[in-house]
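Chain nomenclature is as follows: A, B, C and D, assigned in order of appearance, with residue numbering initiated at 1 for each chain independently.
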Amino acid sequence: MSKPKIAFFDFTSCEGCQLNKLNLENDLLDLLELVDIVEFREAMDDKADEYDIAFIEGSISTPTCITRIHDIRRRTKILVALGACAVQGGINAIKNQHSADWVKETVYGEDKYLFPSIPVQPISAVVKVDYEVRGCPMSTPEFLHVLKSLILNRKPEIFDHAVCVECKLKENECVLDKGMFCLGPITRAGCDAICPTFGQYCTGCRGVVSNINKNGAVEMLKQHGFSTKEALNRMKMFCTLELE
Amino acid sequence: MENLIFEKKDLYNPIISTITNVEQLTDTEKRFEIALPENQILNHKPGQFVQVSIFGFGEAPISISSSPTKSPLFDLTVRNAGRLTDKMHRLTVGSQLGVRGPFGNGFEVNNFKGKDILFVCGGIGLAPTKSLIDYVLANRNDFGRVVILYGTKSPSEILFSDEIEKWKKDKSVELEISIDRPDENWKGKVGVITTLIPPLKLDVANTIATIVGPPVMYKFVLMALKGKRVPDENIYLSLERRMKCGVGKCGHCQINDTYVCQDGPVFHYPRVKELKEAV
Amino acid sequence: MSSTDVKSRLESFNCYYFDKDVTQKFISFLMKKGDVIAPHKTGELSYKYEIVSDATEVVLNYSRTILPLKKAFMPPRETLINFNIKNNQYTKPQISTEPKIFFGIHSYEMQSIKRLDYSFITGLPESNYLTRRENCKFIGVAYKPDEWHFAGSVGIDINETDGFCLYFYPAKNGYIVFEITDEGKNLLDEFGEGSEVTDEYLKLNEDKFQAKIKFHHNRIPEIFTHVYNSKVWEDVAQKCVGCGTCNLLCSTCYCYDVHDEIELDVENGQRDRFWDGCMLNKFAEVAGGENFRDNLGSRNRHRLYRKFKYITNQSDKLHCVGCGRCSRYCPANISLVEIVNDLIDDYTKQQQKEIL
Amino acid sequence: MRKNLDIDVHHLTRVEGHGNIVVNMKEGVLEKAQLEIVEAPRFFEAILKGRNFHEVAIITSRICGICSLGHQLTSLKATEDALGLDITRQTELLRRILVDGATFQSNTLHSLFLAAPDYLDVGSVFPLINTHKDVVLAALRLKRIANEIGELISGRAVHPIACVPGGFTQIPSAKNLLALKNKLVNEAIPDAEFIVDVIASLVEKIPVFSRETEYISVKSEKEYGLYDGDIYSSDSGSYKVNQYLEITNEFVVPHSSGKHAKFNRSSYMVGALARFNNSHNQLNPLAKAAAEKLGLKAPNYNPYMNTIAQVVEIAHCIASSIELIDTLLDEGLKNEKPNQEPTKYGRGFGLTEVPRGILFHDYTYNKQGKIEKVNCVIPTGQNLANIDDDMKKLVPEIIEETKEQITHKLEMLVRAYDPCISCSVHVLNVEFIE
């Protein structure tokens, strides 16, 4: 088996997902045994023409993003979206909840015309995405799982159940019980319920599970003391586009 | 606490077996001939299945598509559908894989003796049925008419073309094939499998019908058989569910109170009628 | 239930009085015999079973633990085999059979283990579970039902002692300890402490359950033969968000999923099983994407039918033990007792209609 | 003498975010020498409007994955200031450790993984794994420990979890803190000392360049200004945090989606070198020894030396976090809940030194505890004008070198600032300056 050529690209994002990869200190050297990193702008100068696997971080939010992602798609065999911005639009997509003009004016005032910006879209809205690694930041164990699977030439196994599952298995005290807000019951697992494990509520960064009972979720939050408006607003923090 | 003395079983240890032959049947299906180590015999009944595993790629239930008369070797006919089966398709003669089983009940062949048999097979459903067809043909005198109805999406998906040729030549076998989406070379019948049923002339009281195919097919085939007045007691079907253990523990294959892996996959239709989530 | 019921049931057993200190000493004594697993506080409102490292940390007046005792016999995540991809070899991890003593167990929890025993023995007896079940002793404790416990409604009394070797019943500043089995007697003999129980302490009383199913438990399976198409399931589906909490925390649920995971050398790996649940999205999906229980109504129905009918038909026991976890921890506040009572109402109405 | 020069570095590598370097000289006249910020704007000030105070720091953390902790803490400070939420001493101590950890981790990443390859003539850290394995391993260990500080106290090194308005959702155990401290003492200090020696041997490769500018940083009476203090300008002294707008004076330039800033001169510098120049006396002994070895003396006017100042700070932060953990353990850990009962509503300010320099958040809350107005001034934005000014002085000085050399030196210059471009593209309330 020859080493697959992998590349990392960033679009509109905080680059936290890329940093998360560099935070794999203990595994980094082992990883480099398995793959050839041919492009990683944040960490290196080299550039390549073709890749076996392209990992994409960030959302589509400018016209140039669109041409760039098409170009990458053409040059890669497998394309993996990394993190909330790339998978479901993430925090960036909150701006889609407002009128584009108002958003630009709020930030740049009279100069709003200087900066092209289009509604935020996930990568999959523009090109075919083969696999996803969710989370804000992306969960590193899941990233490793996908990478190992692809090296083995097998389909990764990605969960489609709620963070609640992982939270219960860790025997955490329920955050809702403590009177806090929480999106664990409707958010896709895969992070090992890290936020509730640290006493914080789940903000839903990994996006909602498929077939979600949206009305039920709002009712659930209402029972825990949050108004419909507040519930919906907070459900949309990372999931504007999934809950449209 | 009273002692729990039982014959404890290591249920999850696969037997590492060897692929002795691979045959490409269609674009997406291959037949694998498997040998257990040290000439062990699988000892299966037609309709039973094994849990096949490849380390790193997981496990999946696969029906045994050869007759027990082929022992000690046995065949698995596999469609490339996902993680495990894709890897299987990349294996070659001499490669190893894990086998647990045989599991499930299989067809009650003794109840079929002396009867006409109508085999209704959709797509990959021919694979498990073939084990029974082979058995019936190997003991041809024990049975009455043998009618095989087989439907696939396209001509290129037709399985076991060698056997099909044999069956076509065999005077004692009535074979009908229908294709959903024919190509220009297809001369045979066109349409979903249910269209083959109305023209049949059956001695319904003396006919056993078996149905195996994709989940969507059952409802329609059953309706067509009802139209022919085939009694419910004469119908058997093999159901497919996701299975993680094969031994009645993991819960995935449960239909109401029934575990497909233990109480099935072959079901007598009157039983299935009671099961509300079955077809 | 009256105090005499409790009395007559427990009175047949020999008993001693342990004050708080002696109780702690007893725990320390048990710790010399093997791992002692007992309830501990975790967070402000919650408890969990943990191996005791300090006898003073054990909490005996607890409501219920988050995870049930099944975690000791079927861990949330367990490796079935360790394999090597290159040479196609594997080993099965050793399961410890060191003695374990479960201390401070409620009666419904003990009964849940009996239900699990049934599930893992029936058909093919599974070695992973049964090996963990070897060399276990259970010591019970009485509890005060909160608004979610309803064990009484499924036929399990608070002071049901079946399965325990010893049973602790709260008394002034301590406990009355009943010898239920010879095994328990031997433990107490060896421990050698505890005083005679004087009348002052022997005030046995059974607390009442606040949550109740309207019908006697013998009649519950009967209801379930008639309510498969009840509208109640649709109502539940409106509220349920499908998080799976009720499955995972249920004392008698045991469904699981299996995954192969590989290490970074892309050569070694393990086949793991972990808890799954029929409330979860993909549980009943088959190849090709068809899902035979694709809505929350049918999934809730399946969950309850498993507790009250499917397994019950074969084992003759209700497979819900009334621990109340599914309801206490449901984020959507769906109560199992309410569902069953709604089904009963529905059934009663149906019958009245038939009579008319 | 070269008369014409045209440099266009598209998507500069080994920096956070997207920037281009454009230099343009015609007939001996330098028409352009600038860093263009092409990162897509992300509109945080708009996104935050109407958000509940519990959510604000969660969102602002996403301004930048590299400085996520800095953004969170600054955000929390602004929220706490606006809502009148007092924090306990324990919370403050834990936050200080986090700031040390974040500075330690970011400076390690930048100086050792992103900038160091320039001095070893390679394009990334990866080839160094073969040629300088012991150095890479030491650097990886340092980065790991630095991340462990964040992971233990806040749950995650990127986008921390446990830091909330009024305190922490969960307090680390004494046992784990002690283990961390032991690791810092037994592993981080020797590794850092080793790295300082390695870097000291490379200092001679740093380009010689000097341009005195205005240095702005946090300054505190008590300590090396990182976690808190006043704003300090090397030109004109101290200011309170609520005067930050007088200092930053942001303005929009067409070539950058990040806003520029200026105060007493046409530009000013923030970051490790600014902090070092302003507060070097308050470094702890471990850091002073490192500075000595590395030949860094205040004041230093060579922006390339920013990388060296970062290495000095690594030593400072390790020693400082050890001290803070000791204090915490001596005083005993208490299981405190965050204080989240607002006592007032209105405007609040927060400032922190994040690795790239001084960071401001300025929030206005309405009576429902929802955000009405937001302003964030990011260090990289403040440095942009200074980088342009450096380039304008540098290009004529090195004009006789090859185009590749010039390009490389310009890239190194920009990289030395450790610009965090993703951060720099969202600012509000512009005073348009022509």
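Simple rule for what comes next: contacts are C-beta pairs under 8 Å (C-beta built on N, C-alpha and C of every residue); 3 or more make two chains touch, one makes a residue touch a chain.
Just so it is clear, the model here is predicted, and its values are computed rather than measured.
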item	value
From subunit B, the most remote chain by mean C-alpha position	D
Most central chain, judged by mean C-alpha position against the global CA mean	A
Centre-to-centre distance between subunit D and subunit A (centres being mean Cα positions), rounded to whole Å	25
Length of the line joining the C-alpha centres of subunit B and subunit C, rounded to whole Å	39
Subunit B and subunit D: spacing of chain centres that average the CA atoms, whole Å	65
Centre distance in Å when subunit C and subunit D are each reduced to the mean of their C-alpha atoms	53
Residues of subunit C engaged with two or more neighbouring chains	85, 259, 262
Interface hub residues of subunit B, defined as touching at least two other chains	56-58, 82
Multi-chain contact residues (two or more partners), subunit D	none
Every chain pair in contact, whichever chains are involved	A-B, A-C, A-D, B-C
Of subunit D, residues touching subunit A in the complex	11, 13-18, 39-47, 49-52, 54-55, 58-59, 62-66, 68, 109, 113-114, 123-126, 129, 140-141, 143-144, 147, 154-159, 161-162, 164, 168-170, 252, 254, 257, 422, 426-430, 432
Residues of subunit A that touch subunit B when the two form their complex	152-155, 157
Residues on subunit A engaged by subunit C in the complex (per definition of touch)	27, 30-31, 34, 144-145, 148-149, 151-152, 157, 160-162, 164-165, 168-169, 171-174, 176-178, 182, 184-186, 209-213, 215-217, 219-220, 223-224
Residues on subunit B engaged by subunit A in the complex (per definition of touch)	56-58, 82-83, 86-87, 90
Residue ranges of subunit B in contact with subunit C within the complex	1, 4, 6-14, 16, 53, 55-59, 81-82, 96, 214-216, 240-242, 244-245, 247-252, 254-257, 262, 276-278
